[in-house]
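Chain IDs A, B, C and D follow the sequence of writing; residue 1 opens each chain.
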Amino acid sequence: MLVVMEKSAKKENIEKVCKIIESMGYKSHKIPGPSRTVVCVTGNDKKIYPEKILTIEGVKEIVHVSKPYKLVSREVKPDDTVIKLKNTSIGSNKISIIAGPCAVESREQIFEIAEELSKRDVKILRGGAYKPRTSPYSFQGLGEKGLEYLALAGEKFNLSIISEVLDTESFPIIENYVDIIQIGSRNMQNFSLLKKAGKSNKPIFLKRGFSSTLNEFLLAAEYIISEGNPNVILCERGIRTFSNETRFTLDISAIPILKKMTHLPIIVDPSHAAGIRDLVEPLSKAGIAAGADGLMIEVHTNPDAALSDSAQTISIESFDKLLSKINVIKTL
Amino acid sequence: MLVVMEKSAKKENIEKVCKIIESMGYKSHKIPGPSRTVVCVTGNDKKIYPEKILTIEGVKEIVHVSKPYKLVSREVKPDDTVIKLKNTSIGSNKISIIAGPCAVESREQIFEIAEELSKRDVKILRGGAYKPRTSPYSFQGLGEKGLEYLALAGEKFNLSIISEVLDTESFPIIENYVDIIQIGSRNMQNFSLLKKAGKSNKPIFLKRGFSSTLNEFLLAAEYIISEGNPNVILCERGIRTFSNETRFTLDISAIPILKKMTHLPIIVDPSHAAGIRDLVEPLSKAGIAAGADGLMIEVHTNPDAALSDSAQTISIESFDKLLSKINVIKTL
Amino acid sequence: MLVVMEKSAKKENIEKVCKIIESMGYKSHKIPGPSRTVVCVTGNDKKIYPEKILTIEGVKEIVHVSKPYKLVSREVKPDDTVIKLKNTSIGSNKISIIAGPCAVESREQIFEIAEELSKRDVKILRGGAYKPRTSPYSFQGLGEKGLEYLALAGEKFNLSIISEVLDTESFPIIENYVDIIQIGSRNMQNFSLLKKAGKSNKPIFLKRGFSSTLNEFLLAAEYIISEGNPNVILCERGIRTFSNETRFTLDISAIPILKKMTHLPIIVDPSHAAGIRDLVEPLSKAGIAAGADGLMIEVHTNPDAALSDSAQTISIESFDKLLSKINVIKTL
Amino acid sequence: MLVVMEKSAKKENIEKVCKIIESMGYKSHKIPGPSRTVVCVTGNDKKIYPEKILTIEGVKEIVHVSKPYKLVSREVKPDDTVIKLKNTSIGSNKISIIAGPCAVESREQIFEIAEELSKRDVKILRGGAYKPRTSPYSFQGLGEKGLEYLALAGEKFNLSIISEVLDTESFPIIENYVDIIQIGSRNMQNFSLLKKAGKSNKPIFLKRGFSSTLNEFLLAAEYIISEGNPNVILCERGIRTFSNETRFTLDISAIPILKKMTHLPIIVDPSHAAGIRDLVEPLSKAGIAAGADGLMIEVHTNPDAALSDSAQTISIESFDKLLSKINVIKTL
């Protein structure tokens, strides 16, 4: 349920609305907008009798939301969410490029890559420190050491940094180092982790589960926002289908559909979707053409030597070529 | 197996190679290229002992093809296939737009739409006359009358025309009217129909089965070419996955992968992939950005009144907007 | 729409009902049942005003059917359909075993296998004569010669025979030899072939498309029945999913669901679902345990020498073992 | 890599082998069998030069394992793993029935159901206390209170109990109450949770991710065993496909395939696969017929009043009917 306030509504009346909602045992979420404030009610299984609220001064109307998700919905908040970072922002008529290696491998490696990227249109550096690996016997990342190198590189080259969190226990460590916390595809329905992320004051980069519907994806984001963290970035990274020429099937239609359903920014990850280096450029172009707010790309100064995801990592040269084309498409 | 001829090879020696291959009980296919001719051998289960062939004058080398498909393969024919039509061509650094209504509904309807399209960048008019319908109780199309109207419209407005064939029996009727014969998704592995198409001298527009791998798709095209018809246009129109927000999931990665595997032109059909009008523009842009040679789009002067596929049919106004953006992307 | 007649309704009044329906431009289908006759109306897009019909003597009531399919529906015909063959029947509390090689390879081969099967619980012999093959270069079957051998074997060992039809053109040839006509998975939405099958007086064995929903499957059967042939046998043979350990994923749940939706018999084909010999027994047992009316199994006296589908074909010994277990499960 | 010891090998020599392996920086796992002990080496990326090991007394041979998983593999341990519980065991020629409500709702509810089940063939009681819910606004379970009631019911009626763990943080709480710890489908690749489970001395019930390949499933189990906990029970609970008549598609073929790949017991969960009450019996029968070691079924004394999963929960009466049939099939 939404309580739409008049443009002229006083702050104290907005607070009054919230207080009444809370006194009924529900949660209230203030959603400020350019032309008016909306108070969203969550936690109500049954319908709320709104008489008490409608009589408060400054309340314009009450709207019942039909979707299972609320706080992520465009119905509730029509304006694009913009995620502010120290050196840039994500969302709303702006293409953000997140680039870097699959995993931080050494201080030298991440500094070398960060330097190259900082000379280009990149403001956000990626690098895995704790890696989710299908096999217990695969390289699991450098851990905190990796985060340290990543943070130093970010500082030196004025880049925001992003790295993946694997569990609630190591959450504080990652949160301490990075500017954006990534939750991976396999953890999209790790509800404890989502709740933890909802209590962080850092933006959350949420990857779609590779077999999740868009409804489930938005409900995962709703978990985060309903705990108090409104800064969620969605990422489409391919779904699992019968098609076996690529690792996953990039669900390109998800982008325009999500744009309608939600106000959150949407990033495309062509590297993990394809799993093949040569597809990164065409899928990047397609993603931006379909309306994505940006790209997350695995780039390495020496792709063939990358310790993980080598097959899908592109070189600085390929990255340059890609950027120049993206810059044209994004103007359309 | 491929027999690669010297650039200077004489025509009579190429014929000699073919004759020897045929005498062994196999088929030979001459594939002329800008720099040399290749003779492709099909129908051989076992390896052919090539001594007899290697000694013929003008034979440069023999190459064994590792893929299950041969004639469609870029390995066999590196140059893009270009399909020539009366008023335009499809393939190789050129964007072709095929547009028109789902079904021909009346003389007036198809003339009105054809006139509008002919004023724009459209050279090929689509329109179903025999419709494949999931239910026996749905509108099945106007039949031959529909083809007649379509042909008249094509003539009047100088448009090539395309329509779908449903079976071998009605093949001659469709072949008689249209410039391009369409084989639909549900018939992609109708092998009798593919063989029939292989004996036609009209280009074949082959839609990918909605659950077919790219390998199966190319083998379906191989059926057509191996019967003697080299003019095949491939069409990606969405695959069936668990994702349920769109009718099908456009497999955008298929485009760059097919471009590597085959020399045949690839068209994207965003209308059937999405099943939703609003997605036609973003998916069209994504398709061209990913490298497609063109688009097939359902357009109607009055989309809401369309007798079939109304939900995915766009208006002339939306079509105009789309075209202007496509024209920029295709230059990249 | 259904016109339910009284138990005591006279034949002439049933005819009267049909005549009125036809005079309105629709089709009428008489569906006799043990306790009463029902007349099903198809071809009506809009609602029919039933006053004219309700006043006819013997008409009990009019029922509107909510499903897109009608004639295949249990709602329309609650009693199981039983398909009568010269030496046995299929459907309704009876397990039918259809067995034989993937393809008829020679007179000797099919006679040898037929003899072995006839000594066991088998009344129906399968054998492909025209084979649908993904590649144009694979073995395409013996054609009419294969049908001839199959028919001779059926006659000699008192077996009904079944073989696949690939197109409308060869339909009369297959129809001439076999007792049951098979329409394969790739042709499930070949609507011309379905209509042709609907005009045959031989039972049709319809395999589910490997990416078809149950709704589409039943509408394909509806195509056949609506043309006048009520004798359709459904076959679940596996669907295409991401799971890659088997050729297809046997959709075991389809069996109990179809049993509720339709009165038609349902056969399970574990051989094509799995593509692996060792899985034939467990999947056969599972199929019968889930409620199937029978099995179609690829059996060969020398599986390793089979010209096609060798990997999924079982030996006579394995078949014996399987039959003994099936006989227990079917009693549950 | 496996070091196979002679039957007569002395304990001290087995220890010697382990010590050498550990000194090389790898892990060693002793796998005792009825006829001999095997030492499995994990953590080696590269090949180990086995001279040092082969010369130890009692070493019979060294076998290189080709699969990505090792400890779960039948190649490594041919004998079925049997999980011992206080009142029963799971695995190896025995059908185990795990039954109970989706969620523990109250002391009365779980006691009433436990009493009914204990009168039947049930030795293991299920009941969710911490529920993974797609929406943050759905009923999330009673938490520790629920575990307490479950444990009291288990004690009173001599039932082992199983409940789901959602995260590493609450792991010790669940571990403290239950006899078997369940890891749900959405957590199958929550690697931190798997590692935690690997350090527990309670058996782990691992549900297959609804889009996981069998390879990924076994590698998830490998995570647990490689940390030291050999007691893993696998559960097939349906995969996500295009098929939309059931919530998920029970992958019945997975059972016989897993039986070949691994020595771990395999349980089928028909309730979650189908999501429809009427399908529980046919899918249970099919699961056992296909070779499963048991079933996990949602049963409630008043299914329609169940707070969660009501649509797929069966009554005690239906459960009785099901059990009597299962008992026949399992003898085959």
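Odds and ends about this structure:
By definition in this document, a residue touches a chain if its C-beta (ideal position, glycine included) is under 8 Å from a C-beta of that chain, and two chains touch if they have at least 3 such contacts.
This structure is a prediction, so every number in the text was calculated from the model and none was measured.
Each chain gets a centre from the mean of its Cα atoms; the one farthest from the centre of chain B is D.
Comparing the chain pairs B-D and A-D, the larger number of C-beta pairs in contact belongs to A-D.
Centres computed as Cα averages put chain B at a distance of 50 Å from chain D.
Spacing of chain A relative to chain D, judged by their CA centroids, is 34 angstrom.
Touching two or more other chains at once are residues 211, 240-242, 244 of chain D. Taken in their complex, chain B has these residues touching chain A: 211, 213-214, 239, 241-246, 249-257, 260, 273-274, 278-279, 282-283, 285-291, 325, 328-329, 331-332.
Residues of chain D touching chain A in their complex: 42-45, 68-69, 132-137, 166-170, 186-187, 189-193, 210-211, 216, 219, 222-223, 226-227, 240.
Put simply, chain D touches chain B in their complex at residues 240-242, 244.
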